[in-house]
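Think of it as A, B, C and D in the order they're written, each chain with its own count starting at 1.
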Amino acid sequence: MENCIDIQISDKPLSEQTCLEFVAHPGAGGIVNFIGTVRNQTQGKAVIKLEFEAYISMAISEMRKIAELASQKWPIQKMAIHHRVGTLAVGEIAVIISVACPHRKAAFEACSFAIDTLKETVPIWKKEFFENGAVWIAAHP
Amino acid sequence: MENCIDIQISDKPLSEQTCLEFVAHPGAGGIVNFIGTVRNQTQGKAVIKLEFEAYISMAISEMRKIAELASQKWPIQKMAIHHRVGTLAVGEIAVIISVACPHRKAAFEACSFAIDTLKETVPIWKKEFFENGAVWIAAHP
Amino acid sequence: MMKVLTFGIAKDIVGGPEMDIPYSEGMSVLALKKAVLEKYPQFEKLNSLAIAVNNEYADDNLQITPQDEVVLIPPVSGG
Amino acid sequence: MMKVLTFGIAKDIVGGPEMDIPYSEGMSVLALKKAVLEKYPQFEKLNSLAIAVNNEYADDNLQITPQDEVVLIPPVSGG
């Protein structure tokens, strides 16, 4: 799987096209992409902007683990996980996960597993900025 | 939902970027795209090319029904379903389904539902061309 | 006679994009199917054969009128 | 003393990208956590506090060596 996994963390805008081109595979029957974008509100409070901070070396390592674990569970041909860091405006892309499999069911399951796991294990932190303050998401109960 | 659904059948290459731009929504937290591409083989036989034929007026109507039904089942903000017709080479995109929802779980479920239903109900027919002949897929037991 | 449109393998079986079937007033979708199968027994070998009337899948008991757009729908395989 | 790196809310609590903690030979991850909480009780209020040693989540009983890269991992929120 080594050359079939593309893991990136970038402070530049992410490109869905780049992910799609990476996962293109002549034997692929289904490609599923998850694209996480910055929402304009959280629990009714208007979000102005958002900042992502990453412990980059470990985040890359954890993202790779997710892709490798997914590749053990499902017949994945190609997989890309790209995460943005820095300051993002509403509507910008925070994360893209693209999975190519011979059949679509596996691609849906693997992509869903990957984003669920990423949110649990990858050392990246999101700070949301509101009119009157900012909050590190998920930090407190 | 009327302006939130984009249904297209085209004999030109499909654009994932176009679908993504259509489904962009400031309140979206998760966008899931399914991209069906032409595989290089079916049950071990090399596929040279593929042709899609559609009963276009009804296919558009059935694709719209799928988007509307999905919108009743899940909180969909925007949804695009684009299907290609004509002659396609291996690797080309046959179908794109993009779904934007406030949360990702609904987007995964709705996108998966849409492609499953499309394959059951939409009057589009696929002919695969091999070295020594061609077959209308799913026609015979 | 009424015109019935064909697509996919149905077009191959019929040898063209449409076929003519004898029409009788109040003819049902089921009667139409039987007439099609009688003329082209190869349709028996398909996984399924549906009829669309005016862009909608039609029940067997729907009555067809001469103005309807009637289409043979062999097993679909889009996506 | 050993250097412990901080990110996210941990950086805010500590007031910078790293903190110093007294190191003793064979110190466990659990002992490090206790030392951190003693110095900055605000960490008690977080949903969780993990320790990464050399880019891996570390168990409480792992022994830390002076060469290790040690990082406080407050609740993550990527994606």
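Here is the rule we go by: a contact is a pair of C-beta atoms (placed from the backbone, for glycine too) under 8 Å apart; a residue touches a chain by one contact, two chains touch by 3 or more.
This structure is a prediction, so every number in the text was calculated from the model and none was measured.
Steps from chain A to chain C, taking the shortest chain of touch contacts, total 2.
Chain centres computed from CA atoms place C at the largest separation from chain A.
Computed centre separation for the pair chain B/chain C is 25 angstrom, with centres defined by C-alpha atoms.
In terms of their C-alpha centroids, the spacing between chain B and chain D amounts to 48 Å. Averaging Cα coordinates per chain places chain C and chain D 72 Å apart. Taken residue by residue, chain B touches two or more other chains at 36, 115, whereas all remaining positions touch fewer. Every pair of chains meeting the contact definition is listed here: A-B, A-D, B-C. On the chain D side of its complex with chain A, the touching residues are 5, 7-9, 11-12, 45-47, 52, 55-57, 71, 73-79. Of all residues in chain A, only 16-17, 20, 24, 26-37, 39-41, 90-91, 102, 104-105, 107-108, 111-112, 115 touch chain B in the complex they form.
Those residues of chain B that touch chain C in the complex are listed here as 36, 52-55, 57-59, 61, 83, 94-95, 115, 118-127, 136-141.
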